[in-house]
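In the two assemblies presented below, chain A is common to both, partnered first by chain B and then by chain C.
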Partner chain A sequence: MFDISSIYQAQSVADAIRALEQDPGALVIAGGTDVLIKVREGKLAGCRLVSIHGLEELKGISQAPNGDIEIGPLSTFRDVTYDKIIRANVPVLGEAADMAGGPQLRAAGTIGGNVCNGITSADTASTLVALEAVLRVRGPRGEREVPISRWYHGVGKVDLAPYEVLTKIVLPRKGYEGFTGHYIKYAMRSAMDIATLGVSCLAQLSQDKRETRQVRLAFGVAGPVPMRAPGAEAAASNRPVEQALAAIGPAALGDVSPRSSWRASREFRLQLVEELSARALAEAMRKGGAQV
Partner chain B sequence: MMEILRCTVNGRPVEVGIDQRESLADVLRERLGLTSVKKGCEVGECGACTVLVDGTAIDSCIYLGVWAQGKTILTVEGLQNENGELSPIQQAFVEEAAVQCGFCTPGIIMSAVEIVGSGKRYTREELRKLISGHLCRCTGYQNILNAVERAVNEAHKFVGREEQEQ
Partner chain C sequence: MEVGRAYTRVDAADKVTGRARYTDDLHDGPMLVAKILHSTIANGWVKSIDTAAARALPGVVKVLTCFDAPQIQYPTPGHPWSTDPGHQDVADRLLLTRRVRIYGDDIAVVVAEDEVTARRALKLIRVEYESCPVMLEPEQAMEPGAVPIHEEHPDNILKRTETVVGQPDEALSDPALLHFEGHYQTQQVQHCHIENPISYAYMEHGRITVVTSTQIPHIVRRVIGQALGIGWGQIRVIKPYIGGGFGNKQEVLYEPLNAWLTTQVGGRCVKLDVSREETFQNTRSRHPIRFDIKAAVSSQGRIMARECVAISNQGGYASHGHAIVANAVNGFRQTYPDAVGHRSVAYTVYTNRPAPGAMRGYGIPQCDFAGECLMEDIAREMNWDPYQFRLKNIMPLGYVDPTNGITCYSTALARCMEKGRDFIRWDELRAKYQNQTGPVRRGVGMAVFSYKTGVYPISLETASARIVLNQDGTVQLQLGATEIGQGGDTVFCQMAAQAIGLPTERVNIVSTQDTDTAPFDTGAYASRQTYVTGKAIKKAGELFREKVLSYAREMLPQAGELDLRAGEIVDGGSGESLLTLEELAMEAFYSLEHSVHITAEVTNHCKENTFAFGCCFAEVEVDIPVGKVKVLRIVNVHDSGRLINPKLAEAQVHGGMSMGIGYALSEEMKFDPATGRLLNGNLLDYKLPTAMDHPELTALFVEDEDPSGPFGNKALGEPPAIPVAPAIRNAVLHATGVAVNTLPLSPQRLVEEFRKGGLI
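Right after this comes the complex of A and B.
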């Protein structure tokens, strides 16, 4: 039995918001693959929970008439990976989602939880950052939208008030159209492991596929929160592909601030940043038709 | 914090009083006596507690029992046929000597049920990934992989789908 002092099963998003307003100390539980483990470990022992598990209004992935892709936050990693809209438009996000944990976890854990827990190693986070996703959250006074660049406040802290619920993860059309992407998760094991470093790269190429246009690069575990690498992006954008490949890694070193942890030292993470940035860019460009 | 859980377990409708704080693994083991559901790590890493919820393999140790309201649950106890014989998947594990201590076996068999049920063929590498949410400390996985492969291939003869839709 879990050490939970209360759990309220919300019947709708409005109901969940009401419950959270009444008890601002309560935590939202969605897929449970993160919260229940923290309860088990004792970190959240005795917590009060509001469950949004199974709320249909928070599921599903659709494309708006303007081309924006709207992901219901209760979509599981597996839902994201196998969704036709994601596969056709942003396969890199499905590939990243397919690297979290193992199959059973991916069938229960949600993409919304992956961005709401504010963890730097979250496998979908760096790709969502690179895609310039927008988080739509609802509270007692209605909805507001937060660009992902302003979402992460610190380790485990995101721009979500205690009485707010994430209702959509929006991928604006301009964030993904014309880009091909690649995510690399570096970990000790190929399943059931947490990223030592995560790198997501999106690239847009010139018509003749010989030059880059816009390049976007984002990291997990290269700092306290998932982050963009503006210096590396500038160094790799609008360059002949070979030059972009040579420039991106060294430039990325100026953007990141990894720390040493029991998983890996700062020095090793810096080496990964430099090497994997180039590998992710090469693969992203290859998917876009470049000869590299 | 008691609540009545109504769901279908191994083909039978079930109505059982549960505590809201119980995991589905607790409910299945303690309330319903389905002890094929093993509790190993209890943090969703080892896969010993894997059951199917509406056909999808999940770790029942990190799934609240109350979330199973109205759902269909399948455990290894639900696999044997009326005569008490093993299912072809269980039989494949026997044939390939894929069982040593047996603790991880029920969980892997439930994942295999989902894999086989897809009716698709998989490469060995794909199967490796599909069972990567299970830890086995005895066999080194080779015979387990052989058993899953055998079950997939045998089932494919009957319900095969050539298209790789997913």
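Right after this comes the complex of A and C.
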């Protein structure tokens, strides 16, 4: 039995925005895999909800004429994983989405929710950061676009006003074209777990596959929000692949500042950052045809 | 032969189709809902509670606090009652407590019309506390001047025992022998049965009925009576199907509180369903135990003497108390009887942790970890093959424990070891994995164990069985022993069928225990039921068979010797069928000359015990830089005597191995040292392994008849969980050269240990 004061099922995005304007204290619920847990825990007990669940205009994944990929935020993790456009162009995102929770959660939880909850351990977040995704949000005064680098404000806080709704996650063509990627979810279990560290690496290789061109590296759980590792990227970009592999881990240590908690110590997380950065890069480059 | 058949579980179809009914499915009428208010300090006193706002909330029926509850201290463990006050369980619980002993202690309760109202009311209760320092470890609680957690035990030591066998000091100080020391530590883990403890209670004809998810309905009835200070006959306990127990429900949990609550609301039905978080915080778990060990070994590899000092963390309440660490040090001694002598010193210490109690293995998973690490470490230091070193020292046939007389009536341990060795390819892989380099390395490890069957002679072992005939020649089997998911009902039917001379298909089990009608049995624990209840079933079956045959002789006065085989009365010599049991039953029910309902009921007071054995072999791959252990192959080989049902035996072993893997690698209850709060009391943060974390689990058996068992059988319920953790730890040692002496071998701990060992 959930302690919910009220729930309003929006008929459209515009309707949802209207409802949120009328009740600024209300929360948006989509797949419910975060909100209902918090209601049960008591953190959101007695809350008022506006449901966008089932709104067709927020579903679907398509490719724009300019090559940008537009992901409807109500796409479930499973939708993302099995989508043809994702598999053909950014398989790494589908692989990351396939690591969230278990099959039931992946059938209900949405990629939009994964981005809007502002959680550093969100399995798709670090890959979206590496892909330089753009978030399109709509409010009473129309739409605006937010680059993911400006999206995360802090733990659980994103660049979304109480009366705004995420309408698209856009993967710009330049963010993914020519890259191969790999996501490592390091967790205590092989399923039904949250990441101790998430590492997403995208790599672009030279024609002969012996050197790196651009390398992008992003982490979940290495800080309060999903983050890029600029030092590591610089150390690993435009280098012979072996050099890039040797350099990326130590350089990544300078980019992150994980904290000790009862879940994992800072020292342990740093060890993982160093080791897994290199492993993610190696796998990303292997997928791109490098011999490593 | 009905015993030994791979008979499909009698409850299989109902359970997989959802037709089987559990506690929460049973009550049809309206129920009030009770929710408990838990303390937000771990050690101290409740000074006052303000319930006015909660009572004023519409839908709240009653708010009761520790200042309202009866002040009768009662014991909670699922032990048979002892009529000797010296052997009675520690009575240190109240229904609700003013003296807070753990974070989350039960201090008040709300009864409301529905769950949301009850939860909202809890938030409106204001509590004033007086706090004392939090003590989560025995060392803190044993410090001079530490605040007594229970005033009956001013030094916080619930009990200390010392047992000396032979002359250990002679060997332990003999310079001609090899000397070793080991320090091993286990963690607090929980059972994680699927169904949380749940009960509902109501009054009828002035008596209290409690329907509850328990392993021990007759004991629950007794403890409710003790807690409420009323006659035990005033209470009726009903146990339907339950979603697992593993020892947590071998404890009287919230049933007494639930029984009291119904009396406070005019006998209305009150449901008390605890959450997973409350299950972690407020119900039982497995004791963390710290072992300090000394060993003296001859140069030929014979263990001459050992000393084992074990300190068990009892948390805030006695529960099963000292029985568990006492079992641990006994088990440590028994697996490898020392040639010269042995000393064990065991402490049970109160702390402010959630109180541990019975959990699958009852101290033996802990002592087996210590014992099997020690064996491995000695063998490694001496460059002996750990397999041969163990073989040289294991308990021999005919061993009699010098302190309690438990006797080894049968052992196939050596052959179990042989089977496990062959499966894992021990010799080949021990050599192959000897000198590895690189970040990913493999190893193989092993561990053995011994385990007694039931609790005789430490406690009473008694079981009763009733068999009644139906008109169609089928029978009902009624027991006080319980099905808790382990397949008890199925093997009970098989044993009854075997004893009577019926196909198992014709035995109907009465699965639900209702203490008003179920024969007396203390319930499911100690791997006892196939052995102890099995003896009662065998006796009852034989008595029933005699009664059937005696009636058959009345019906067939001319016949020679009669026998009952496969449900037919046959000529004992030729085997010719003379009469079906159905024909006999119809006559016995409705005869105008001699009508009798053929039934048999017996109690068997069991005064035997015997050792079961087994071993585990594991092959692991260790990813050193990230501290991950992957179990590649794993096998348990068991000597549990003759198997009543090989298919169910295999399933039992699979479940135990799974628990062992979690114990080895990931499970641990973690606490905030400042507040005593449990940090990971939910199934996300408590790392119970998933199916994806398991390799193929292989279960093998060596089946020898045990002469003391009713059908040649001995314990199997708990043993599969015992040897897995040390086998995995020893495999990691083989792979990396790093000996990890604290459970679990979690990634962070491994990274720290590998760093100390120079591997990172």
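Just so it is clear, the second predicted complex is superposed on the first by the 292 of 292 C-alpha atoms of A that agree within 3 Å, B and C clash if a C-alpha of one lies under 4 Å from a C-alpha of the other, contacts with A are read in each partner's own complex, and residues count from 1 in each chain.
Note that a contact is a pair of C-beta atoms (placed from the backbone, for glycine too) under 8 Å apart; a residue touches a chain by one contact, two chains touch by 3 or more.
Worth saying up front: this structure is predicted, and the values here are computed from it rather than measured.
Of the two partner chains placed by the overlay, only chain B lies in contact with A:Tyr82; chain C stays clear of it.
In the superposition on chain A, A:Gly32 contacts chain B only, with no contact to chain C. In the superposed model, A:Trp262 lies in contact with chain C only, and not with chain B.
When the two complexes are overlaid on their common chain A, residue A:Leu272 makes contact with chain C while staying clear of chain B.
When the two structures are aligned on the shared chain, A:Met192 is found in touch with chain B and with chain C.
By the touch criterion defined above, A:Gly42 lies against chain C but remains apart from chain B after alignment on the C-alpha atoms of chain A.
Once chain A of one complex is fitted onto chain A of the other, the partner contacts of A:Met1 extend to both chain B and chain C. In the superposition on chain A, A:Gln104 contacts chain B only, with no contact to chain C.
Residues 1-3, 102, 190-192 of chain A lie at the contact with chain B in one complex and at the contact with chain C in the other. Chain A contributes residues 1-4, 6-7, 9, 32-33, 36-37, 40-41, 51, 53-54, 82, 101-105, 107-108, 190-192 to its touches with chain B in the complex.
For chain B in complex with chain A, the residues that touch the partner chain are 1, 19-23, 26, 42-45, 47, 50, 56-59, 62-64, 66-67, 111, 129-135, 166.
Chain contact summary for the complex, chain C toward chain A: residues 114-116, 119-120, 625-627, 666, 670, 672, 679-680, 683-685, 687, 689-693, 746-748, 751-752, 760. Here chain A touches chain C in the complex through residues 1-3, 42, 45-46, 102, 186, 188-194, 196, 262-265, 267-268, 271-272, 275-276, going by the rule given at the top.
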